[in-house]
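What follows is a group of structures, each given as structure tokens.
Next, two complexes with chain A in common: one pairs it with chain B, the other with chain C.
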Partner chain A sequence: MTSKPTFRDEIANLLYASQGSPTNACIQCGTCSGTCPVANYMDQTPRRLIGMINANLKEDVLDCNTYWFCASCYHCTVRCPADIDIAGVMYAIKRYSIWNKTYREDLVGPRFSEAFMKTVIRSGRSYEPLLAPTYMFHFGPKEFFNEAVNASKMMLKGRIPVLPPRIKRLDNFKNMVKKIIPLGENS
Partner chain B sequence: MKKFAYFPGCSLEKMASSYHKSALETTKYFDIELQELDDWNCCGATTYFHLDEILANTLVARNLALAEKEGLDLVAPCSACYKNAYFTTKYFRKDPELAEHINFALEEDDLHFDAKIDVYHLIEIFVNDVGAEKIKEGVQNPLEGLVIAPYYGCQIERPGKGVPESEDPSYFEDLISAMGAKPAYFPERLRCCGGSLIMTSRVPALDMVKVLLASAERNGAHVIATACPLCQVNLECYQSAVNEEFGTDFNLPVLYFTQLLGLALGIAPDKLGIGAELVSAAPVFNKLLPKEAS
Partner chain C sequence: MNDTKSPPEIEEKVGVYVCHCGTNISKVVDVEDVAKWAESNPHVAVSRDYKFMCSSLGQELIEQDIKEKGLTKIVVASCSPHMHEGTFRAATEKGGLNPFMFEMANIREHDSWTTDDREAATQKAKALINGSIERVIHHQPLEQIPVSINPSTLIVGAGIAGITAALELANGGNHVYLVEKQPSIGGHMAQLDKTFPTLDCSACILTPKMVDVSQHPNITLLTWSEVEKMDGYMGNFQVTVRKKARYVVEDTCTGCGICIEKCPFKVIDTEFEVGMGERKVIYRPFPQAVPKYPVIDAANCVYFLKGKCKACQKFCPTEPNSIDFEQQDEILKLEVGNIILATGYQLFDVKRIPQYGYGKLENVFTSLEFERMVNAAGPTEGKILLRDKESEPESVLIVHCVGSRDENYHKYCSKVCCMYSLKFGHLVHERIPDATVYNCYIDMRTPGKGYEEFYDRLLQEGTNFIRGKVAEITDSPRTPEEEGKLIVQVEDTLIGRQRRIPVDMVILSPAIEAQPDSKEVSQLFKMGCDFEGFFIERHPKLDPVATMTEGVFIAGACQGPKDIPDTVAQGAAAASRVASLISRGTVMMEPVRASIDTENCSGCRICNNLCPYNAIEFVEEEGYSQVITALCQGCGTCVAACPSGVITGAHFTNEQLFSQIEGLLWDVQELEPVPAGKEE
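Here is the complex of A and B:
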């Protein structure tokens, strides 16, 4: 009987383009957590998350907000003395959680990413107003109001496009995308 | 005249059109032409990479291929666009299998990429191609009396070009000195502003903005200079939200480095897109006015 890959192996295999060492090179020094500007808001710090991956605590890893709260600033990556691309690891778990639909329901990040991607595949460009519903409805009344006021101020200064932009050779563009990811008829 | 292919990116079309205007004005001043890519597409910022790496790299590579077709190196004013273009080129060169995947898809738009071109951030053009000496010579209105916080942000220097200076760069400070202004001591200059989280993780992102504003204010900056549209929007347009969330009282202008450089070069403020701010840039002009009056 063949053995099954562990969660740690699965994550290692997802680090397609990342540079550097696999997660088991981690020495648990905590430089990543000390550097991370979002660590205070994470369920688990980056150091703990890497430790949890190495211990194959799959459910606990996928269930925390840590990887979706990563701002992708790469400060941990460039400082890691064990040469682990920690921001790359966070990206890998984001992809894993989207493909397997295992992300936490209360997080806006995965839905925002999917909506962003769909907008771009349809038009070749991003367009903020179409994305607003993915996050606005997660706001409390105060945040919702503030965001609406902010958006109207920016609109008045001419900083928000009225019509969604699109590229000229959109058919070619869509065919290009289809060569990598097969899309349904409605995409 | 030096010429580059120019990839403005989605933000510069509207939200950061003042960056677009001031980039074109200031490069023109130094006889550098930025030729906008024909029919460029969104590079995906950070979000494509949440879904699929090969697709993300391919969409970035389409813009690179458009530049290569023109035989020009690519310049991006947005740090997120720059980081994507820079690293897709790097991965493409390193990984023949990825390169094959990309070109297989690019065929659909009659494009092909060989990674023969190089990628630069707009600020590098001023630092390396123009240089501090030529900037000093070009300055008509030295920004004397103005203290500017040089905000590098995250994606210009990281994930690292493999140079130790990435942890302690000084070119932004040198650029500010060349304008005749004083660079503020700004220890948080490389800390992330949380731009990619502002839509999805609101409070952490506002907290990150707060840290930067507090550091700039504490160190006597009159204005923060940025080199990225996401940083600018985050630091400026969300200042009132920061004040609301944390009970602070920030009112610190945030301008693009090209706008401040343009002012120093004597270019009219409206040509630099000044006036579209949510946090008024008036304090910047008040600092500069007494000198003009005397």
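Here is the complex of A and C:
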């Protein structure tokens, strides 16, 4: 009886805990894409991405850069007339693509996300001097050098801490994260 | 079964009829089994199943069985009593029984439509029918109560819906009280310029009707008035109306307008001109206003504020003087038979959507502001001008669905915005031929006679249609072309790209909303309104102008967003419903009424205040309460509340209801009864 869930259902399931409607409530009005500050850099606008999810075009959805370019400003979510948490949808696809290892190698998004999560899980806080090199190396020495110069300037002005910050009861935090993240053992 | 119950005194012969309703019931309920099973009930003389009980053959079956088999009570198991109770009561009566010897079991809405489980549905059908059989045995013959209909009608709201209804009724020779809270009749239609799709001038088609109202001998026009109270019931309502002080004596005023001319003070007209123009403190909303008498805006009048001026009084040429600063509100008591509510709508407050910038960006207009602007009698004499009232826009963008089709504001489609936005496009093309016009829409909705053709006309005229809901409107430029313009950011969803469109003027098409006081109004008239504030009709398809309160009807946009043709149709429909009641003269009301056994009444008076219809009076000398049958609506509140249990609701007696409950629970009889006094 139970058939395999469609891609649309899978994404809807990932959104079950978030506020608002699943993607099939979309009326394709374009408010999200009209609002989006980075829409021009995406190869599919958020509206089209939702249309593609609803059409179960799984490969095309996972293949585009839209969700990695989302800046999480939540303008689309606030303004959506169909009450869809679009920024939440973007996160859902990010999680989906990381878990299924279907993300594009040339994008900075997945590497950054992974590095960020690792840093946070390790020390309980984000720490830029450790975070940046882990993914910046991947984009060649020139990029890395530029970033390093920037970082040094910021460190001199006290905008970046020299020593990594720590939180109390780090073990408890790590145990919590293991429970929350389904693939927590791997990351 | 049911052997524990003592049989009633007279031998009852019940006829049970189980309807297939095509396959609506029979596809889930095993109707044949149910009919056969019902036969085993000792009271049942005949039990049949039939394809369509409501057909004339089905009804004849009941009549025949009553005559031939001597049935005394009838049970039909079919749809909701809402649908066919009347049909089967009539058949019962035709067979020679009192119509109240009938009971209906709802095995469609309450059973077959709710499930696919055949076994459970059949079981439930049996329970419902058994309950009805046990109930009908205790039914008493009742006579319907005749109620005479007062031929006068109250119509609340004198927009196009109210005006149409009033004229229809008045032309048929019936008296109408037309109550309007504004100083003039006409409603929103008086503010509009052209009407889509034919582009005839709104005022030109409305004002003849307004004049007809003012001259009609059968219409009592009460403008600047509001209904405060409604009592009574269908056919005999008592309505209290407050006629606010105009400070102008209508008997002597000739409407010459000298007072308006001479009044030295002006204020911004936020009502009729929606803030686009000014008016005097003593004013007439617009030149063709009906009635012609002006009204003094006491909140702004210098005489009322400082005790000086009286210019209007000094210059009034009538004898005696028509300006009366001492005038007080008048309370009128009206007796009417029916009421039509045509209270109209208001527009959504576009400031609630901050990203559209209304109020901050000066060249963002609302649709009603634009209507006033393009109106030849309006503040700019029909010229399309920016807020500076000098320069003409070179480009105009119209935003659809402002507050409509939006979970954050109103979920519904406001129905008319697409069409009037198209009309705006046409008017811009007509008045400023070189202007560029954009329409930003989500879906173009043009269902109506000549509407799609009008859309086509706009496509031909060269309007730019962009399919996309506008995301935001800003005045901060990114490129030199955007300098000094309003920039509309929107995704053109048909090409899948974000666009920034620099324009001079933006018009927002706001949602149509229920009046802000619609909830209070619905309570005042004892009928319902939905969550959005629109009044609820009796049936969405088959009874769109009646309400759940007998004698109260609704018409126009107070029931939901609609355009002028639909509004006029509803106004006329409501009038015809009222006219048919008036020409009948008396209508028969359900005899479902409460009665008090005065012998046993303790005189506690608990029921007196609980009655929502004030239908119970206390007889001081005798020390008991009694029901005024004419006022009682049979709601049953007093029956439930009476601590001595001496109030009975006809057709809902304790005996009837308890028998029905026992009948419903026929298959749970094996359970051990809880001994009295041992309940938890």
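Keep in mind that, in the parts below, the second predicted complex is superposed on the first by the 161 of 187 C-alpha atoms of A that agree within 3 Å, B and C clash if a C-alpha of one lies under 4 Å from a C-alpha of the other, contacts with A are read in each partner's own complex, and residues count from 1 in each chain.
Just so we're on the same page, a residue touches a chain if its C-beta (ideal position, glycine included) is under 8 Å from a C-beta of that chain, and two chains touch if they have at least 3 such contacts.
As the structure is a prediction and not an experimental result, all values here were calculated from the model.
Looking at A:Cys29 after the superposition, I want to know if it touches chain B, chain C, both of them or none. Which is it: first, second, both, neither?
It touches chain C, and chain B stays clear.
Looking at A:Arg47 after the superposition, I want to know if it touches chain B, chain C, both of them or none. Which is it: first, second, both, neither?
The second partner, chain C, only.
Does the superposition put A:Ile167 against chain B (first), chain C (second), both, or neither?
Once the two structures are laid over each other on A, A:Ile167 reaches chain B alone.
Which partner, chain B or chain C, touches the larger number of chain A residues?
B
On chain A, what residues does chain B touch that chain C touches as well?
40
Which of the residues in chain A end up touching chain B in this complex?
Going by the criterion above, the answer is residues 16-17, 19, 37-38, 40-41, 68-69, 71-75, 77-78, 85, 87, 91, 94-95, 98, 107-110, 112-114, 116-117, 120, 124-128, 131, 134-135, 139, 142-143, 146, 150, 153-154, 157-161, 165, 167-169, 172-173, 175-177, 179-181.
Chain A touches which residues of chain C in the complex?
Within the complex, chain C touches chain A at residues 355, 401, 405-408, 442-443, 467-472, 489-493, 496-498.
Help me check something: in the complex, which residues belonging to chain B touch chain A?
10, 13-17, 39-42, 44-55, 57-59, 62, 87, 91, 95, 98, 101, 104-106, 108-110, 154-155, 158-160, 166-167, 190-192, 194-197, 199-205, 207-208, 211, 237-238, 240-241, 244, 276-278
Flag every residue of chain A that touches chain C in the complex, lowest number first.
21, 27-36, 39-40, 44-45, 47-48, 79-83
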